[in-house]
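Please go over the structures that come below.
First chain A sits with chain B, and in the next complex the same chain sits with chain C.
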Partner chain A sequence: MKPRVAVHKFSSCDGCQLAFINAGEALLQLATLVDIVHFAEAGYADEEAVVDIAFVEGSISTPQELERIRTIRANSKTLITIGACATSGGIQALRNMHDTQQWVEGVYAQPEVIALLADSTPISERVKVDFELWGCPVNATQLFAVVRSLLSGVTPLLEQETVCQECKRAQTVCVMVSRGEPCLGPVTRGGCGALCPAVGRDCYACFGAAPQANTAALAEQFAAQGLAPEAIARRFLFINSHSEPFHSEGKKWQGEGK
Partner chain B sequence: MSERREVTIKVPLLTRVEGEGALELRIREGAIAALQLRIFEPPRLFEKFLEGRGHEEVLDIVARICGICPVAYQMSASHAIESILGVQPGPWVREMRRLFYCGEWLESHALHIHLLAAPDFIGFKSAIEMAAHHPAEVKRGLRLQALGNKILRTLGGRSVHPVGVRIGGFTHAPSRESMAELLQECREALPEAAALVRWLATLELPDDEQRFVSVALHHPDEYPLNEGRLRASDGLDIGIEQFHDYFRESHVAHSTALHAHYFPGGWAEEKVGVPYLVGPLARLNLNFAQLPQAVRDNLATTGVRFPSRNMFHSVIARAVEIHFALLEAIRILENYAPSDTPAVGVTPRAGVGYGCTEAPRGILWHRYELDGAGKVVVATIIPPTSQNQARIEADLKSSLEQLGLERSDDEIRLHGEKVIRNYDPCISCATHFLRLKVERD
Partner chain C sequence: MMSDSTFLPQSGLAQLLTELAAGHRIIGPQVEQGAVQYRSLQGAAELPWGVRVAQQPGSYRLQRQGSERAFAWANGPQALKPLLFAPRESLWQVVKTAAGLSFSETLPPPERLAVIGVRSCDLAALALQDRHFLQGASPDAHYARRREQLFIVAVNCSHPAATCFCAASGDGPNAVSGFDLLLDELDEGFLLTPGSEAGQQLLAALSVSGVTPAQRQQVEAQRRAAAVQQRTLPSSSLAGRLLELASSPRWQQIAERCLACGNCTAVCPTCFCHSEQEVPQLDGEGSEHLRQWDSCFSAGHSLLHGTPLRADTAQRYRQWLTHKFDSWHQQFGRSGCVGCGRCIAWCPVGIDVTEELHALCGDEA
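Let's look at the complex of A and B:
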């Protein structure tokens, strides 16, 4: 019997499931290798189905989402988060550092009718997660590598090196050394192919922190290059603001600025 | 309508749309008693966390509103912020932005036609099922989608949340070689795009003439992408900064989403607004004459005419725009030369600016207020699906009544879903969408 697969969406932009939708013929091929039972955007709706592999996009930000993820966890043998929202809370976790209620009141005429949890959180803060794919967005290479590993009964190998290492191997001219750009490549998890330096700009850490990232040293370097404390804070408190060590590093410099 | 029955039809999770929504319909004694397109995409509050951010961070933030049309968000924001900073990026950047946008139209339209809409018209649950019976058509669609993504990658580094744009232009100029390769692929795809238009015209689309107001950008010299004045099919012709004088969003209690309405006599003068349509059909209805001759000639062979009041011509309008986007991409690529200054420098200053561009799903309106350091003070973002929301509900009422409410629940549900999907609603654009729990006495 073919493995049963589901793709679930929570608070997100839909961009990570596009790694499937944009895969072209690989998507058609995937459908021959597995049984896709739930994937709303692709036309499959059986949210409570019992599956072998559940891919989860998006963060948990409402009481309903919290209920849903618990059911999905109970129904899924392997649960894999795809992307920054599901893995770290995402860009919408920026609200966690503010009074969400006040923000809602600032945007909506009837704030009392909006049910939001106090924080936008990664899936792993709510249920057990088996594998986490970082990236805003994840790409097809990451996604299909995991699918292939699981189909072959092999534990997926996840990215451990930094963007900086990928960038050096690609022999891209360093944007920090040559132009003084506040590049986050030295502390950011690889997997994107060091895209930003390749197009001539600084990495902004959309793949989250690399294992053992030395954010303190990099932040000091930014300061030495003349970046204001408040701007250093904003570098770390961005796409993955809710995850460590970015959260603490950002908060430290935010405090400095006041 | 003599049949007396009360039925409630619920589609708890709409499939083949971007984001999460549901349809609820109550029919009482042969008439629609209640109809709601429910949006339960949680609000992510983008407008709030833009506040305090530097103008140089805005493009990376707003891209995250929508994975399917990030370029549209980046373009509307670029124009708005550049207008505040008094920057004119020049002809090279202007052309590259048009090319970039063509890539997004190609990707988004091809995705919608083949993966989301076409299964409805041919009778399949999904494109994956459809591919087993119509492999040539589905694969052609996937190729066009992939080509759009390749244009996006060439200029933006990646197709979802591109990294190659900045205020003032682009971070880099692609090499001649990479652009020559794109040109070659666009030329090869051109006959496929023309064939796609002709194929869709042979499908049995429902004949559903409706009265509605079309709203789109209009530019005297070209088919609109990044620039133009706002026009409506009733004769309105305004600058984009006047948008809020005629269009307003409101928080209506019976619905789960903010609805935008058009006030033809001006917001200040009128109490009740009307629904309006944005997107490919509205654009084509207002800009047919701006299309290249080759696009109009190909369409003429099909017998389908624009302007059109048949909402289901939206899917053909999308294909026509794919044909246009390819021709436009070819024109730009044929004249390509790398620039030494892919972006102009900017200096922060305070002010208010507006941006309105044609996202694949229709006009995307932004307003920003920056302080003297170039940081965002206030941001307002009005996505196209929020504007189509009221129109979709009006359409559902009229199409389901035309279909016949005596039909079986399954038929009504299927047709309702088809009507909604036809608008290509992008529910993830959750700046303004919310789950609304209505308390009733």
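Let's look at the complex of A and C:
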């Protein structure tokens, strides 16, 4: 029997699910290797299915989502988070640093129908996660490599190096050294192929912090190059604001928040 | 050696490139993405005419000058290394067949490359890379394939950067060997010195004239001036010295500034560390074995059976510096540093290897 696979969605933009769909031919090949039993965006809907591999996109933001993720965990042999939302709480975790209730009351005509948890959190804060794939969105090559590893019965090899390593191998000229851009590549986990520097812009760390991330030294360098403290704070408090060491580094430069 | 030299007027550069292009794909310096980079060169017009470079720790900026020279810049982030030791390449592949696994090597297609503009520091680095990849017990077939047909036109460095210290490492600024043809650039043209039989042949096809005493004097003055550099190395050999400083508090101080990003090792022209990985096809019917540049600053570099031997940045920086400047002597009979200064300029936080060495050895920079 072929392994059963589900792709679930929580609070997110659907962009990581699109990494599957955009893969085109690879997705068709995947469909011959596994049974995709739940993937609402692609048309398969059986959310309660018991599966071998569950991919989870999105963060846990509501009481209903908390219940759903517990059921999914119980039904899944291997649970893999895909993308920044599921892995670190995502861009929507910016609300964790503010009074969410006040925002809800300011935005919605009937705030009482909006049920929210106090924080937008990564899946791993709620249930056990077996593997985490970073990125906003995830990189399809990484995604399919993890699937291949699991099909072969080997532990997937996850990226540990910095974006700088990929950037230098691509022979992209460093945007920080040559132009003074506040690039987060030196403290960011690789896996994207150093996409942003390749098009001449600074990395904004959508793949999260690299294992040895020395955010303090990089932030000091940004300051020495003239970046204002608030701007430094925003570099770190962005897509992965809820994860360390970005959270503490950002708060340090922001001064007192919340 | 300058006695073999002849003079080629600036207008003759096009002829030199045409002669080279007859048997080679030419790689030459060009401005791309705000830096001088070695790329396929279609003609003399693509060279970085009038470009100079200002380099400081953590900073590299192009400057346009009125000067009519093509080689008046100090090195950019890379030169020969990526042309010979590919940043990422397939070493072999394997497919499942009815008879079992079938392996095949994936050598790069043979190609005659000519690189123009190579600096003395990079020739010294090339000699070290040759030593590592070709002169050991198991020569590297991929490196050898690219290396054996390489034609090198070196250019003596006339405008070293503030980050350069090739005079201190003993590797420049003037090239003495390892090239086919050597150029000294003057405003009105080039002094040409052959370094091999192939270089001699190329020279014979060019419309050159004798070198005037004034031109000779200008070149001599230029060579002397380029050797006056700001950065120095500790005055006595570091062989055996850094390893004795393994417990210096300086390593921890450097680690507080170091990002462990690995930029220094990626731009270092002598760093040869790499990692290898399997890239299987999704259907599991075949796999490619990839080699890519790695760094002693990455976690995987010292990972043995799931345990990193050098878990923190202080240990990784110490590994890099002690290998490069100390244990390299034991391994290759000389220091692993050629004084190009790239690790200083391209470090995002501007850590200066010469400053660290002076501090570790307890002497003044």
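Simple rule for what comes next: the second predicted complex is superposed on the first by the 255 of 258 C-alpha atoms of A that agree within 3 Å, B and C clash if a C-alpha of one lies under 4 Å from a C-alpha of the other, contacts with A are read in each partner's own complex, and residues count from 1 in each chain.
In this text, a contact is a pair of C-beta atoms (placed from the backbone, for glycine too) under 8 Å apart; a residue touches a chain by one contact, two chains touch by 3 or more.
Please read all numbers here as calculations on a predicted model, not as lab measurements.
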| item | value |
| --- | --- |
| Clash or fit, chain B versus chain C on superposed chain A | fit |
| Comparing the two partners chain B and chain C, which touches a greater set of residues in chain A | B |
| Partner chain in contact with A:Met1 - chain B first, chain C second, else both or neither | neither |
| First (chain B), second (chain C), both or neither touched by A:Cys183 | second |
| Angle at chain A between chain B and chain C, C-alpha centres, nearest 10 degrees | 110 |
| Partner chain in contact with A:Leu94 - chain B first, chain C second, else both or neither | first |
| Chain B versus chain C as contact partner of A:Asn214, first or second or both or neither | second |
| Which superposed partner A:Arg169 touches (first chain B, second chain C, both, neither) | second |
| First, second, both or neither for A:Gly200, with chain B first and chain C second | both |
| Closest approach of chain C to chain B (Cα atoms, Å) | 10 |
| Footprint overlap on chain A, comparing chain B with chain C | 200 |
| Footprint of chain A on chain B - complex, ascending | 13-20, 40-49, 53-54, 57, 60-61, 64-68, 70, 107, 111, 115-116, 119, 125-129, 131, 138-139, 142-143, 145-146, 149, 156-161, 163-164, 166, 171-172, 250-251, 253, 428, 430, 434-439 |
| Complex interface listing, chain A residues touching chain B | 9, 11-19, 21-22, 24-25, 27-28, 31, 36, 40-45, 47, 61-62, 64-65, 90-92, 94-95, 98, 100, 103-104, 106-110, 113-116, 120, 136-137, 139, 192, 195-196, 198-201, 204, 206, 231, 234, 238-239 |
| In the complex with chain C, residue positions of chain A that touch it | 26, 29-30, 32-33, 144-145, 147-148, 151-152, 157, 160-162, 164-165, 168-174, 176-180, 183, 185-187, 200, 210-214, 216-218, 220-221 |
| Residue ranges of chain C touching chain A (in the complex, touch as defined) | 32-35, 37, 58-61, 76-78, 82, 87-88, 255-263, 266-267, 277, 279-284, 292-295, 297-300, 312-313, 345-350 |
